[in-house]
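Think of it as A, B, C and D in the order they're written, each chain with its own count starting at 1.
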Amino acid sequence: MQKISRESLVEKAIAMLQAHEVSAVLGWKKGEFDYDITPALFTDAEDLQKNFVWNDFCGANFSKYLVEKTRNIEGKILTFLKPCDTYSFNQLLTEHRFDREKVYAIGIPCEGMVDIKKIKDACGEGIASIACEEDVLKVTTLYEDAPIAIETETVLAERCLACKSKKHVAYDELLGETGEVLESNRFDEVERLEAMTADERFAFWQNELSRCIRCNACRDVCPACTCEKCVFDNPNSGVENKAAANSFEEKLFHIIRAFHVAGRCTDCGECSRVCPQQIPLHLLNRKFIHDIDRFYGDYQAGAEVGSRAPLVDYTLDDLEASEIFEGRDN
Amino acid sequence: MQRIGVFVCWCGSNIAGTVDVQAVSDALKNEPGVVFSTNYQYMCSQAGQDLIVDAVREHNLTGLVICSCSPRMHEATFRKTAQKAGLNPYMVEIANIREQCSWVHKEMEIGTEKAIILGKAAIAKVHLNAPLTPGESPVTKRALVIGGGIAGIQTALDIADAGFKVDIVEKLPTIGGKMAQLDKTFPTLDCAACILTPKMVDVAQNENVRIFSYSEVTEVKGFVGNFDVTIKKNARYVKEDICTGCGACVDKCPMKKNPNEFNLGMDNRPAIYIPFAQAVPKVATIDPNACNMLKNGKCGLCARVCTAGAIDYTQKDEYIEEKYGAIVVATGYNPISMDKFDEFAYNQSKDVITSLEFERLTNAAGPTAGKLLRPSDGKHPEKIVFVQCVGSRCDACAEKGKEYCSKICCMYTAKHAMLTRDKYPDTEVYVFYIDVRTPGKNFDEFYRRAVEEYGVHYIKGMVGKVTPEGDKLIVQASDLLADKQLKIDADLVVLAAAIEPDKSARPLATMLTASMDTNDFFTEAHPKLRPVESPTAGVFLSGCCQGPKDIPETVSQASAAAAKVIGLLVKDKLTGNPCIASSNELMCNGCSSCERVCPYGAITYVDKEFRMPDRTTRMRRVAQVNPAVCQGCGACTVACPSGAMDLRGFSSSQIMAEVDAICK
Amino acid sequence: MQVKEYKPLIVAFCCNWCSYAGADLAGNNRLNYPADVKIIRVPCSCRVNPMFILRAFQRGADGVILCGCHPGDCHYTSGNYFTRRRMALLFSMLDFLGIERERTRVEWVSAAEGAKFAATMNDFVATVTALGENKRLEDLRCKK
Amino acid sequence: MNNSFLQEELIRESGVNPRKCMRCGKCSGTCPAYEEMEYHPHQFVYMVETGDIEPLLNSESLYRCLSCFACVERCPRGVEPAKLVEAVRLAAVRKQGNNSLKADDIPSLSDEETPQQLLVSAFRKYSK
């Protein structure tokens, strides 16, 4: 259960709308089901009262929406940012992707979001509704008479279990408290893969990436993928590709996508959240982040506005490409 | 579709010996777009070139592929040939079938096969070639020299002599720099003032030179040939054009106790001052931190005694904007601070001084009128210890000092020791050295004279500690050759402090987008072959801003920089390399990645309106490449995530076409 | 049955100012290296996009080597420093995906190092030959 | 005599790279125990570098070094001669197999005048 209440967010949003301090509110709204919460733009109090949602399913990172919304909307936009969203927010500002003056950012604490896949694993298909209560989720399914109670903690998303920071690095105002940068174990899985043999790694990724259906959800949700035109959509780029025809093209897309966001990815984990095929795409990004930290010193994209991303920077005595595998024989 | 002609060169037997040239030209004839293919003994010869020109005309060729030696050899030749035939010179591609094929492979079969593949790659590329025209930009025929020391003065004089306008910006009230503070100069011992001040006067009187003293550069925009520079003229509260430099104000000023920077604080100057007698411009300057009138409105004595009416307490900083074609950096050096070198007791005793302070002590215009007297009690020192390499040649990780050799200390210490013994033969002089480095004309002879003729005690070893005791300084040092530890009761200790680039250099480098090394010395475009140019086009380096240098070396470099500037200013137009980056604005995100990897600062951003499919317009920030500044490395093309940035002549599609052709 | 000798296909990207000149010098000095190596000239090693490398593998290359000026000697001052970071990260990623790390290499070759160029190419060809055909980054449609 | 095994050991143990020395002699110029020592700090560095270690092991100089670390502090090249002296000392002590100073000896040595640092230095010098 989230510590800050939905009511306090709605109250704040309505107050700002009515005082004409902002002209729109970027918030969460119920989708077809209780658990597929989608981002939505609110412009009046009634809509907010009725449809604004804030619960354990509000994982969506709003930073990326600001790129388009700040261009289309007159006046300021109020947005709510969880700690991990603030990093993307800063990174986009570093890249001049939206006008900071057009946003009123309110930092809100986050207790971690749940993973619907884990809930489905626990209570099966046919979920009719889910109610978020203190520490438990009450899941009503079509096949059970009574709601099933699941402890929230047991179904937290992987990215939240390995949360890197509870600290808001950007906001105009805080509702509730901000936290600290955390010691997380987010690179454990990367290291587990690194410890495998090359054959095992190849088999692992072959299996994962072969499921890719090129729905582009990872790209569309990624706050670092805000290109006016993606190279994969550009017939002149030489890599234009709408659907992967074979395993090479599956790899090509994901390698290039990860490389293009390397040093800019804040590790928000949205790519893996939205992947309908449950490919652990965030591992590719984390591999880059982990390498960057090891090779060039710790760097967190988005920790501050204006910092120089590692791939557009260098030192005179950087590691050579031939030295990166030293001390590893697998 | 291009109409491509393929020309395979035999290069006598150089190529034809290992490559079946007939087979190559036959095979390439079948490639799509190729309408003509032939081979000839020497393509680069006049007859060969004529053959190409004729073929272009006869077959209406639009692109040429020459299979020959390395493009580094004859690309320029064949481009000219293409131009002669009426083609754009950039419609030529070379397949290197000599250096990278016939010369490295032995078997005809293998060489021929590879030559065909290389030819195919060149054909694939030329299909995507587009005519390129080098950009042209005008040149503002005026140079800016930043820094008015001997380096800046020499550069400015040489440029002015060639008939170009030059402005010198100097941050102090007078030009002259460090050299004006020196007493004598090694190895000839002429007096620094005697050789410098005539040059200062030359500069002042030269019609082509303007001097902005007490000024600094605050903004640099533009690029080679077209720099827009803002110069801030600090208020000196004296009208420069009216002041006659008579000095009446200086005599009458009641605020006399301010440390005199020119004498390194060893004596005092009034609040209104002229740094030294031969200052250029010889104009008074009021120190706003010392002047009573400026601080609290009480006094005004100088205005009253000034018969010319030059004093103006209301003067404000003035900003001047000027255009320049070239910029010379001559920001010079300073001795490093001795604060961290406690062991030498520099902060504990007035009688421990730096070598620059020693210069002032022996200079006739200095605080002691040229008499060598101890700063503490004004007594004549009988034993002087010189310590070399103080803060030079330190470990890179050390907390204090610099890793490099400061280069000038060995020679000026020999000079100081020699002059002391010459003037005061009763003085004992010790020099502690690690190595004596004297590479330079007449330098070693000079040092040997100090030892052999003047009896200076050179001791191989380093001073470990200096302890003030009574009116003596106990110098504890090692004598490595005698394997002894010495204790000398000296009267004066002189430290040869390392020199470092002036602190103003770093922000200036940022403004100029000129690169610097870790020690804040400016980097040269090439350490051997382009030593006076910065990698940033149009920015040149003169003197110690590039590395430690003595006067002869500084002056040579200053003149060399001037020659480079003249070579630039004499041109009416600059022709660029057309193989440069360009950004597709429709795809550009304005994210600044390209700007951050550009070593030349060639990329800027503009907010531009774009028409959207729904007929609305939208402002977007997009990158623009300045064709006069871009050198065509291509770093930006890879930094750009959307692929908006591409490189003409080496476009992504061209390179991928080559890859495809090779891998087919 | 006669087995056809396996010949790898190597694409070498060489920067115009140092490594391409180094390759020319190898030629001037008649230093041999296998014809399996095909050189593509780029202005600077920093012009090489990871996409070019993947493209080469897709189209059938068995190894890709990138040559540039020694760090500090870049004609464009800093290009190869960016190359160094980009390629270190790219190669590490390819390894992460289980692709043989020996198939990609970065080597600094100056214009004076003709001998180094030839030796590097001999060594690289031998390494890739030992690995055999590139299977893990192949695109079967592009196979002959 | 060259003792390369011991040389490597000393270098590893002390963490000192004697090759960084530029032979300026500042360590010996700064050493307060110079007159007491047969071999001086710069010689320790030089002799370890050349592998001429035996004379050092047998020299009283080992116990004349005050471990004041002035040479470490002042060395322009960051060579840290005192650490090397200490490493040689430990090698000598280890050879003998016993401590030359025991904790029990301290009370008899200490009085109000004795600075704490001296006792610490003494322990560092005379015990394993």
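Keep in mind that, in the parts below, a contact is a pair of C-beta atoms (placed from the backbone, for glycine too) under 8 Å apart; a residue touches a chain by one contact, two chains touch by 3 or more.
Note that this is a predicted model, so its numbers are computed, not measured.
Quick check: more C-beta contact pairs in A-C or B-D?
A-C
Measuring centre to centre with C-alpha atoms, which chain is farthest from chain D?
A
What's the distance between the Cα centroids of chain A and chain C, rounded to whole Å?
Result: the chain centres lie 37 Å from each other.
Averaging over Cα atoms per chain, report the distance between chain A and chain D in Å.
Chain centroid spacing, chain A to chain D, equals 58 Å.
So what's the Cα centroid distance for chain A and chain B, whole Å?
Roughly 47 Å, centre to centre.
Quick one: which residues in chain D touch 2 or more of the other chains?
Residues: none.
Hey, what residues on chain B touch two or more of the other chains?
In chain B, 597, 639, 652, 656 touch at least two other chains.
Hunt down the residues of chain C that sit against at least two other chains at once, touch-wise.
50-51, 55, 78, 82, 86
Taking all chains into account, which pairs touch?
Chain-chain contacts present: A-B, A-C, B-C, B-D.
In their complex, what parts of chain A are in touch with chain B?
Touching chain B from chain A are residues 71, 94-97, 226-231, 234, 236-238, 260-261, 264, 308-309, 311-313, 316.
Residue numbers of chain B touching chain A in their complex, please.
518, 586-593, 596-597, 605, 618, 620-621, 639, 641-644, 652-653, 656
Across the complex, what residues on chain C touch chain A?
Residues in contact with chain A: 50-51, 54-55, 57-58, 71-72, 78, 81-82, 84-101, 104-106, 136-141.
Which residues of chain B touch chain C once you look at their complex with the stated criterion?
70-73, 96, 98-101, 103-106, 110-111, 113-114, 117-118, 121, 515, 523, 535, 579, 597, 599, 631-635, 637-639, 647, 650, 652, 655-656, 658-660, 662-664
Spell out the residues on chain A that touch chain C in their complex, using ranges where they run on.
190, 193-194, 198-206, 231, 237-239, 245-246, 248-249, 251-252, 255-256, 258-259, 262, 284, 287-288, 291-292, 295-296, 310-316, 318-322, 324-325
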